[in-house]
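Below, subunit A partners subunit B and then partners subunit C, in two separate complexes.
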Partner chain A sequence: MAEKKKGRLTNVLDYLKHDDPFSKGVAFCPGCGLELLLRFIPRVLGNDIVITGTPSCSAPVLLGQNRQSWHTLSYFGTLMTGAAANATGLVRYYKKAGIDNTVVCFNGDGTANDIGFGNLSGAAERNEPFIYICYDNEGYMNTGIQKSGTTPYGATTTTTPYGTVHRGKNLRRMNLGLKMAMNKIPYTATATLSDLEDLAKKLLKAKKAKERGFCFLHVFAPCPTGWGADPADTIDICRQAVKSNYFPLWEAENGKIRMTKTVKKPKPVSSYTKMMKKFNHMTEKDMKILQEDVEYEYCLLGGLSVLEAECQLPVSAEDGGEKL
Partner chain B sequence: MSSNQFFNHQGPWSDATEPLMCTDTGDWRTKRPVVDREKCIFCGFCAIYCPVQVMEMKADYFEPDLGFCKGCGICAKECPKNAITMVSEGEFVS
Partner chain C sequence: MNATATSSNIKVITGNAAAAIAAKLARPEVVAAYPITPQTEVIEQISSFHASGDMDCELITVEGENSAMNAVMAASLAGARVFTASSSWGLVFMYDAVLATAGARAPVVMVNVNRETPGIIAVSSGQQDMISTRDAGWIFLIAENCQEILDLVLQAYRLAEDYDIQLPVMVHYDGFFLSYLSEGVDIPEQETVDQFLSVLESQPRRTVLRPGEKLGVGTHGILGGYMELRHKHVTAMERSKAKFDAIDQEFADIFGRSYGGQLEEYRTEDADMVLLGSGSMCGTIKSVIDEQRDKGNRIGLVKIRMYRPFPHQALVKALKGKKAIGVVDRSLAFGFDGGPIYTELKAFETRLGGAKLVSFIDGIANTDITKTNVEKMIRMTQDLADGKDVPEVTWVSYPEANKDRGGK
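Take a look at the complex of A and B:
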């Protein structure tokens, strides 16, 4: 037999230094983006992190059932209205007790952008030293696919159906990542599952920046069940979202935005929307509004990244963005 | 099963020494990934993108753990050499 041509092992495996704390068979849908993200985080950051979370798709697995658990991590379950506030309490306790560990607040977009935004904003203002990770599946998937603030224009959910009166969601989506970057917190980043090396780098950067204060990660995690997509397409959906500038990848240190991946020739947003059923009904007029929305947000991001690189901010990165 | 199957330390509840819960998610599968060992170039993309992380590294190829593979087909889609094909479970019924 001829010698087999071997490729190079992907760099991502170098970042997975720790054991997988989850049991092999956990109750997530096939092709779930959340499951890949959830298994990835402790393997990069270490198994000694403390996760706080809320009722969401992640809760049945993270919280455990009856007297048993699905994983060996430390988990603190809170209400959706107080996720960041509870994480603040944990951080302050650990500081008082002299224990050095990483608190990761792991929530969906419903908690981060809608229900728990008040205390997320408060934690960002107080610059509490923990990592807040929002996995964005663009809706309340666990309770039956209702629309949230990050659901894009035109998407069908059970509360924004398509019919004779309504044509999916008639409001534009909110840009959560940019909203948090504007708070000038030590580290903000967006990431997605198609570029896992980028995600691992951003997680490690957030762990380091956590010593200076609040870190926020906005991770795009598709939901094949809720979006009506083929489970096999999960990673490809992420890739198309990046290539069409629907979900640009960037990071911001102390509010200074830097693009981590720029697309030379962005594809039309239809290359992304055709992969799922929730945009099936979209007419050309609807697509145009969505395309304009995507382009506007990308222009805004590009403008800010140029502007803030030139401007002298009152708090520079060298002195660590300390509280005044 | 991961190496730390049992809790080593006292949990918040009294009987925290019970083993981890584990569902036989392999039962959900309608199609199973079959790896062509000749075509496999050992790049590891199937292993990193697998949501369940069932792809096990062997000598010069990757092999799925069929006890837990949910059959989503991400590995077959992401394989750069198309070395993985999704075959219907019906063909394996004897």
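Take a look at the complex of A and C:
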């Protein structure tokens, strides 16, 4: 982390070197994590990025309806099944034609972790030179809050409702960030909206690292509408997710995992879950399962960060450049 | 083939090799490759060309057909010339992207090696994969032999990327019967192909997605915007008919081979009866026609080369006034008794000047459409022309299906 300038809480404004290409009054819900992220990315990476995105809450804003869109970025609206393959097609042609590019494949967790995981995995294997950003709001929010693979244990959605027999999701969430870190790609990171300087740095690292191949950012982006939270609490929810290790912030450069924010005394996960209605019904036993799940994931992450300090991914000349 | 080749570089190669060589000659910039029987040889050959430096393209070895189509669609929308190949389940697995490619008007060219799709063990020839995807909004072309596969892929690029068309084109050929068949193919010189395709470079640049250009692509219109895009799509499809005829003519001028555009007519001028077919069956039908003609039987063949858009104007022109038409389908139309092409032709029956129609289903699941089978079809079509009672639909190689259908 860079030294903070005197009298400042954060240096994040130094990273916002470009205009916000989005207009005011776009059709997102109040407090939408996706919107904050979407506006942030081009301000850091530049307005000449090409975004590919899928049917989701982002689609109406990114592509608009009937020729009207709410931004001035190049955008490719595509299918959830093949988003990473679309980005592959773009970067391969730009490479062949000698066109400088930063392609950002911008998708929710439904596309990244579920229906589009096959082609995400394929793009990682082929080390395609683009940045894949998953905004994780833990479900299919645009279709009206259904369960996805990253929906946490216990959470209610419209396909895991509270009933007399079943109460919320009875499966543990998948850890998309760690799954992607297991690929031999130059850069993987997690980020969230309470730590924007950290996010900005990771975006810039990804932009540089994508010269050597595939980069993946897993960004925790709350959905107040779908989670039953106060829109004013979005940032605080992110903060509590980090402080409870529910969503730890880390990065993996050339396969080497390190924490970018260490939480010395993690809070219980209930400090996070109490901020929204989707966990309201959970019993002590349910909360214990969720707490143990969070601790298991963190333990795994810690173990990998120790292990991979010894086993760094070798970077060869053929990987296309210097180490970060 | 009406004209004789002006040059001669004849090599004995398979249909799959002909497709791969055609792709190489067209110089695509991005190729996506994923294997499936009976297409695999196409991408193996392309990978080999790529490995030896004979093919200077970005080769994307994707993890599935869905990604193959998504990758080439996006590359095409960015401005690339692209190629991919698939078959049966692969075509079905990429089908969402097949639809989106058409909706985005991306001029993708691919080959589909026709194979059945009822279950995984049905690794056999049949056009059911083509029929299952016929209304995707793609232009569908069908090749009869290995030479035509090569020629049709080259023609497909001219059609797909034409500024007035801008539609994806799928070249179909029968799996097994053509994919693995080795026969003499005249392989044109690279310079000749470059000359044939150079027309495209003189056309205006189509809209492409480039960094920094304020452009969104992908079909997301509703209401009026949607209808405008769809109507433009439909009219471009309609324009592609005459365009394809013209491209075939120009192909003849350069390569010395011409097939007739949307349809190839074989000995139809004075024919009383006509068989209507497509794909590899047409070679057998032609040889039977030659034999029957020697006996004074006035029979001809109309071969469908362009299946989507449906060439109904050309079909009416070619078939009007014939006494009887036997339509041979290598696939099924569920819910209709007759085959798919038969049921489609029926829509234009009143414009055929009283010609009677009969449906033959044959060659599905790798059954061979033999000369004996063709003779039987001709005999039944003759009976129909003579006013005899003939069942509307006959499964030529499966008599069980013909019980209780009437006729003799």
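As a convention for this text, the second predicted complex is superposed on the first by the 301 of 324 C-alpha atoms of A that agree within 3 Å, B and C clash if a C-alpha of one lies under 4 Å from a C-alpha of the other, contacts with A are read in each partner's own complex, and residues count from 1 in each chain.
Keep in mind that, in the parts below, a residue touches a chain if its C-beta (ideal position, glycine included) is under 8 Å from a C-beta of that chain, and two chains touch if they have at least 3 such contacts.
Computed from a predicted structure; not experimentally measured.
Student: After the alignment on subunit A, I want to confirm one thing: do subunit B and subunit C clash, or do they fit together?
Tutor: Because the two structures are overlaid on the shared chain, the partners are seen to fit without clashing.
Student: Is A:90 touching the first partner subunit B, the second partner subunit C, both, or neither of them?
Tutor: Second partner only.
Student: Could you read off the angle at the CA centre of subunit A, spanning the centres of subunit B and subunit C, to the nearest 10°?
Tutor: Seen from the centre of subunit A, the opening angle is 110 degrees.
Student: Based on the superposed arrangement, let me know which partner A:285 touches: subunit B (first), subunit C (second), both, or neither?
Tutor: A:285 contacts neither subunit B nor subunit C.
Student: If we overlay the two complexes on their shared chain A, which of subunit B and subunit C does A:72 touch? Say first, second, both or neither.
Tutor: In the superposition, A:72 touches subunit B and subunit C alike.
Student: By the touch definition at the top of the document, which applies to A:265: first (subunit B), second (subunit C), both, or neither?
Tutor: In the superposition, A:265 touches no partner, neither subunit B nor subunit C.
Student: Contacts for A:59 in the overlay, against subunit B (first) and subunit C (second): which applies, first, second, both or neither?
Tutor: Touch status of A:59: second partner only.
Student: In Å, how small is the closest CA gap from subunit B to subunit C once the two complexes are overlaid?
Tutor: Minimum C-alpha separation, subunit B to subunit C, in the superposed model is 5 Å.
Student: Under the contact rule defined above, give the subunit A residues that sit at the interface with subunit B and also at the interface with subunit C.
Tutor: 47, 64-65, 67, 69, 72.
Student: Using the touch definition up top, name the residues of subunit B that touch subunit A in the complex.
Tutor: 1-4, 7, 11, 13, 15-16, 18-26, 28-29, 38, 40-45, 47-54, 60, 65, 67-68, 70-74, 76-78, 80, 86
Student: With touch defined as at the start, can you tell me which subunit A residues reach subunit C in the complex?
Tutor: 47-50, 52, 59, 62-67, 69, 72-79, 81-90, 92-97, 99-102, 118-119, 121-122, 125-126
Student: Using the touch definition from the top, list the residues of subunit A that touch subunit B in their complex.
Tutor: On the subunit A side, the touching residues are 4-10, 12-13, 16, 19-28, 30-33, 35-36, 39, 47, 64-65, 67-72, 193, 196, 224, 230-236.
Student: For subunit C, which residues count as touching subunit A in their complex?
Tutor: 29-30, 32, 57-58, 60-64, 66-80, 82, 96-97, 100, 209-225
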